[in-house]
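Chains here go by letter, A, B, C and D, matching the order in which they are written, and residues are numbered from 1 within each.
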Amino acid sequence: MTVGPELALVIPLVGAVGIGLTGSKPNLREAVTLLCAATLLGCVSLIAAQVLQGEHPRWEGPLMGPGLQLVLEVEPLGLLYAMVGAVLWIPNSIYSIGYMRGHHERNQTRFYICFALALSSVMGIAFSGNLPTLFVFYETLTLSTFPLIAHHGSPQAKRSGRIYLGILFSTSMLFLLLGICWAGVANGGDLSFKAGGILGGVDPGVRSVLFVLFVLGIGKAALMPFHFWLPAAMVAPTPVSALLHAVAVVKAGVFCMLKIMLYVFGLDVVRDQVHHEWLMSLAAFTILVSSIVALNQDNLKARLAYSTVSQLSYIVLGASLGSVLGILGGGLHVAMHATGKITLFFCAGAIYVAAGKTKVSQLDGLGRSMPVTMGCFAVGAMSIIGLPPLGGAWSKWYLGLATLDSAWPWLLAVLMVSSLLNVAYLMPIPIRAFFLPPPSGGPEPSGIQEAPLPCLIAMVITAILSLLLFFAPELALALPELALGGKL
Amino acid sequence: MSQPPPQEHRPGFDDADNVVLTKLAALLIPFILIYGFYVQVHGDFGPGGGFQAGVILASAYILYALVHGVRRAQRLLPRKITDVTAPLGVVIYAGVGVVTLLQGGHLLDYDVLDPQHTQHAQEWGMFLVEAGVGLTVASVMATIFNEIAEQ
Amino acid sequence: MIGDALLLLLVITAFAVVEVRNLFAATVLLGIYSLLMALTWTNMNAYDVAFTEAAVGAGISTILLVGALILTGDRTVGSRERESKGVNWPALLAVTLLGVALAYGVYDAPLGDPTAAPHLGVARYYIQQPIVDAHVPNMVTVTLASYRGYDTMFETAVIFTAGAGMILLLRRDPSDARTQPPGGLRPAAPRRES
Amino acid sequence: MSGLLPHLPALIVVTPLLGGVLAPLCGKGPTKAWALATAVTWVTFALTCWLAVSVYDQGTAQYFVGTWGVGSAPGPLGAKDWTGIVGIELRVDRLNALVLCLVAGMTAVITPYARLSVAKEIPHDRLHFFYAVWLLCLTGLLGITVTGDAFNLYVLIEISSLTTYILVALGKSRDKRALTAAIRYLFMGTVGASFLLLGIGYLFMCTGTLNMAEMATRVAELRDQRGIHTAFAFVLAGLSLKMALFPVHQWLPKAYAYSPTAVSAFLASTATKVAIYGAFRFLFTVFGTEFSFGVLDANSLLIACSCIAILYGSLVAIRQSDLKRLLAYSSVAQVGYMVLGMALANREALTGTLVHMVNHALVKGAMFLAVGCMIYRLGSAKVSDLNGLGKRMPLTTVCLIVGCLGLVGVPLTGGFVSKWYLVQGALRAGLWPVAVVLLVGSLLAVLYAMRIVEPLVFGKAPEGEEVREAPPSMLLPTAALLVGSLVLGVSGSLKTGLIWTATGDLLGVGQ
């Protein structure tokens, strides 16, 4: 059975309509969301089966104007990203039910609609077959997540929403769109993704400028100094932070980065003909600095956000090396970090719902009343750090190999130091929860119970996924390998 | 309030008590009217045409209004009429255009009005559209004066 | 000779219109200007234009301007006098520039040359052909009503628009009329008391 | 029916003209004249579409009004015989076919809306004259677009200007400031029209013809004559005033802000577009690209002015507290976009301009209509009124939000497509700073759009009064325009068809 990539876009859109229509009946609404998520996963799996057989499902949208067309084409790297999004949407939807109800949020229908729209945009980014398509869905993702960020409508939420839109729109409109248009003008109008890049015949000077524009334009990759939106976005309800700001949105950024390096510039160009050392240095700088910043965050979600900033730069670093191993490690890290970080956010949200706590310093002894949550947290944290037997170990391994393989082996030191910092800012949390006594002056710890059941189910699923990815990384490995043309 | 009470008598163009003016106007107006019609219909042979004729005809009305007062003038030529005749002139003009179109010619192609004698047809066409112009101009001039005078 | 004298008078009147402070006087001077203009056209054998100028410029316009003056209370430009003592430099600059541009444009135009472009173009047809095409000796009428009858149709519509605008903007509301019966055009109220 | 086909260029002007003069004969009352106007605008729209299709298929349509086509006069004084176009020619190519459809279509959609909105803002005893003026304004705009005769263009500019002044001044019953806005517009518009007349006069002086096509061939021979240069300057100045290009834009914000809302929508979506079409016609056809942009280098000046317009208009728009003024200043910026694309004068940029013309007409029209819905229910349209409107007038709110997206040029709206082509055009012309200005402009648009969207989505409604949703007869046209803009963003048939070929015609390149 052949399934076109457009179906993956349409399913969440239909879901959004369905959610809108059933908005008045919460149970039905959530059922629609779950059904939609499951269908999407099925659809993406069918697409994956085709890709693994060597096919490239393709869909050409209407011609929007001369030289401007929406084209979807499945390639393995995009499929990996789509898989991550589709798989994690299911636990996230389960989690949302528990969280949003447990927290008595308003405007829940709007929340679920925007969520489905965001997923549709994610699929669009993942399967985009040319740069205009990529840009279109990059922007629609920003737009559809904006109402989620500012969901509460409080002045602080609105302010964060403005920062979010402001940074993402200004980088994408000023740099990315300019870069895309310039690329089209420079190479005669061809903007489709091609193995080996499309800028081979372009003047090297222009190519360097384009490189800068593309890198700066992808604000979603949260490279410093364009990372402010990510901590700001933490005012959103936790499911949003979990799926969008650990998985969908931020991964969209680094995924675009990978894709552009691979299919627009081409690895040879990146390595030999573009002055890309600055990007590498910027990524290394971001890795270290944001890890240090994370150390000093007392707010749990903020600490996780800075951790994300740091981990995203691992992927950027991998992309900027311009080597096969780098792309492989980066691609893997998209999946590994996603499962780990979403678990952490689930736990953070569960702690907030169940115990009302948002700060690291308040978590002493919480492990006794919330053992499952804190256990999952420990699993997620270890995956992020890159400890076996968890998925994160693989991606860090390949990234390390890539640095050793490159002309800049000192980058390995950056990775090592950062891993130590990861340990320093993540591990104290479960340790405090399990081994420190609860504060005596605080409220009775016995009053705190485990998080709502849907939340628990969700976080256990993702924690198990992290484990599975260590023991069975074949699929996650196979796709980047396919993308690289079996160059290993 | 600078507005005086409405009932009070105030001097203005409504005062029609100047004998010299009334007699003079009574003498002049018929000639003005005839002259206006002359200019209207004779526009193709001498100077003038619908526009000038319209203005001249309107000036007859304005003179009457200045001498006898706007209200009496309006009794003679109610606004209801000028409101209709003003667009009607344009209707006549454009109507000629549409008629020529319907008869198979182009818009405002007077030749089709009398295909055998095109020169004659031209004269006819021009006469008709000039009539439209005259009607509109005269009515509009009267309207403009009325609206200003009534403030 | 007569033409030169008329032109001289025209310029003098124009300056007088600008300089005189009393708006009523300015209006009358404008009427005089139009009359002089009409004479100039007559002197140039442009009877149709002269005719229009006399009827509209000297006639109707003057009446309407007087009407407008009475409506606004026949002020002199007194209130403006303080401001207008100095020269308005931007305005002077703009006007000078405009004049220079206009002069620049006619500098190499062969004015008065019967072989110049405008006289050899469509205008020649408008002069020569009316009597052939329509047996009508007044070429102005033929040009307006036939050669360019389409333009004139819209000019008529413009006139009608002016009337419609007056009706829309100035006609009193019927609701107003109940409280304030139309009093008619009248001099400003304060004069009555003096 | 097909017998009408050759007469379409004339019919599309005569139909609204007759409608306009018949409307006051319908008698008083809010319904009859409105019904006539609606019927007339839709018939006109249908005719323009028919014309556009036939022009697209069969090329330029020519029509001689009156008896006289090409004639000749014997040459006295030993001069050569003269042969040329005697009367007035109407000429429709792909460019003006597009503009005709746009103008007629916008009016056809806005007229049904006008019934309730206008009835609330204008005294009932003279509504029939309102529709007369309304249709005459349409006549003027269509006439400007359809004509191939320079003086006729001026005559029609006169009719459209005069009607516009009246329409703007009619806002007086809602806000007295409409009168001063109209007077200001009248002064500036008259200066602009006079400049245009002077320019056409100089052109006639140098070329001896009023027909644009004939002018064009003569101008190519006479490009060194000072009269032509002066004509160019006057025409450009006059048209800039009419387009409201910075720095002669001052009439626009107030005129749009204080006129009756239906009028704002009508003018915003048609009048400036037609002025820009006029600039196209003169710069590209009459004077020719080589003369306009090569000999006289008008593009530097136009690019500079339009870049400032984009930045200035957007910045001022951000600071407005009244929605109509905000939209009006945004129009100043959007005119900048369109003129910019015109001045860049390459195919991508021209395509961008034309797409932007259509898109801006649709979106700005819809925005004004949506604001009109607010005024209809709330009596005013301040930014502070937007708080919590989402709960009280949900459909209007959706329209406003979609409109904002269109103004910003978010992907999948027409605004994105135009921005795309404009940026490409700027880069193709080798002017990357201009491309940056374009993009900064759309970022500023995000800012003023946010001022509208944020209170709509997150604001809390004031306590008390109950506000109902606007009536369907007002919402439907609003939504229709927005759907149009979305379709424009996604579908490419108009762009790859009419617009792309029109820009090819303008630049004289093959398909």
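The criterion applied here is as follows: a contact is a pair of C-beta atoms (placed from the backbone, for glycine too) under 8 Å apart; a residue touches a chain by one contact, two chains touch by 3 or more.
This structure is a prediction, so every number in the text was calculated from the model and none was measured.
Novice: Decide which interface, A-D or B-C, involves more C-beta pairs in contact, and give its chain pair.
Specialist: By the number of C-beta pairs in contact, the winner is B-C.
Novice: How big is the gap, in whole Å, between where the Cα atoms of subunit B centre and where those of subunit C centre?
Specialist: Distance between chain centres: 19 Å.
Novice: Rounded to a whole Å, what is the gap between the Cα centroids of subunit A and subunit C?
Specialist: Distance between chain centres, rounded to whole Å: 73 Å.
Novice: Between subunit A and subunit D, what distance separates the C-alpha centroids? Give it in angstrom.
Specialist: Centre separation, subunit A to subunit D: 45 Å.
Novice: CA centre of subunit A versus CA centre of subunit B: separation in Å?
Specialist: Whole-Å distance between the two chain centres: 78.
Novice: Which positions in subunit B are in touch with at least two other chains?
Specialist: Only 83, 86-87, 90, 94, 97, 107-108, 110, 122 qualify.
Novice: So which stretches of subunit D touch two or more other chains?
Specialist: Residues 17, 20-21, 24, 65-67, 132 of subunit D touch two or more partner chains.
Novice: Two or more other chains touching the same residue: where does that happen in subunit A?
Specialist: Residue numbers touching two or more other chains: none in subunit A.
Novice: Going by the touch definition at the top, which pairs of chains touch each other?
Specialist: Between chains, contact exists in these pairs: A-D, B-C, B-D, C-D.
Novice: Under the touch definition given earlier, write down the residues of subunit B that touch subunit C in their complex.
Specialist: So the residues of subunit B touching subunit C come out as 2-4, 6, 10-14, 39, 43-49, 51-52, 55-56, 58-59, 62, 66, 69-71, 82-83, 86-87, 89-90, 93-94, 97, 107-108, 110, 119-120, 122-123, 125-126, 129-130, 132-133, 136-137, 139-141, 143-145, 147-151.
Novice: In the complex formed with subunit D, which residues of subunit B make contact?
Specialist: Listed in rising order, the residues of subunit B that touch subunit D are 83-84, 86-88, 90-91, 94-95, 97-98, 101, 105-111, 118, 122.
Novice: In the complex, go through subunit A and note every residue touching subunit D.
Specialist: Counting only subunit A, the residues touching subunit D are 62-66, 68-69, 132, 135-137, 139-140, 143, 147, 150, 153, 157-158, 161-162, 165-166, 169-170, 173-174, 177-178, 181-182, 184-185.
Novice: Could you please specify the touching residues of subunit C with respect to subunit B in the complex?
Specialist: 47-48, 50-52, 55-56, 59-60, 63-64, 67-68, 71, 133-138, 140-142, 144-146, 149-150, 152-153, 155-157, 159-160, 162-164, 166-167, 170-172, 179-187, 189-190, 192
Novice: Which bits of subunit D are touching subunit C when the two form their complex?
Specialist: Residues of subunit D touching subunit C: 17, 20-21, 24, 65-68, 71-77, 79-80, 82, 84-88, 122-123, 125-126, 129-130, 132-133, 136, 139-140, 143, 151-152, 155-156, 158-159, 162-163, 165-166, 169-170, 172, 198, 202, 204-211, 218, 225-227, 229-231, 233-234.
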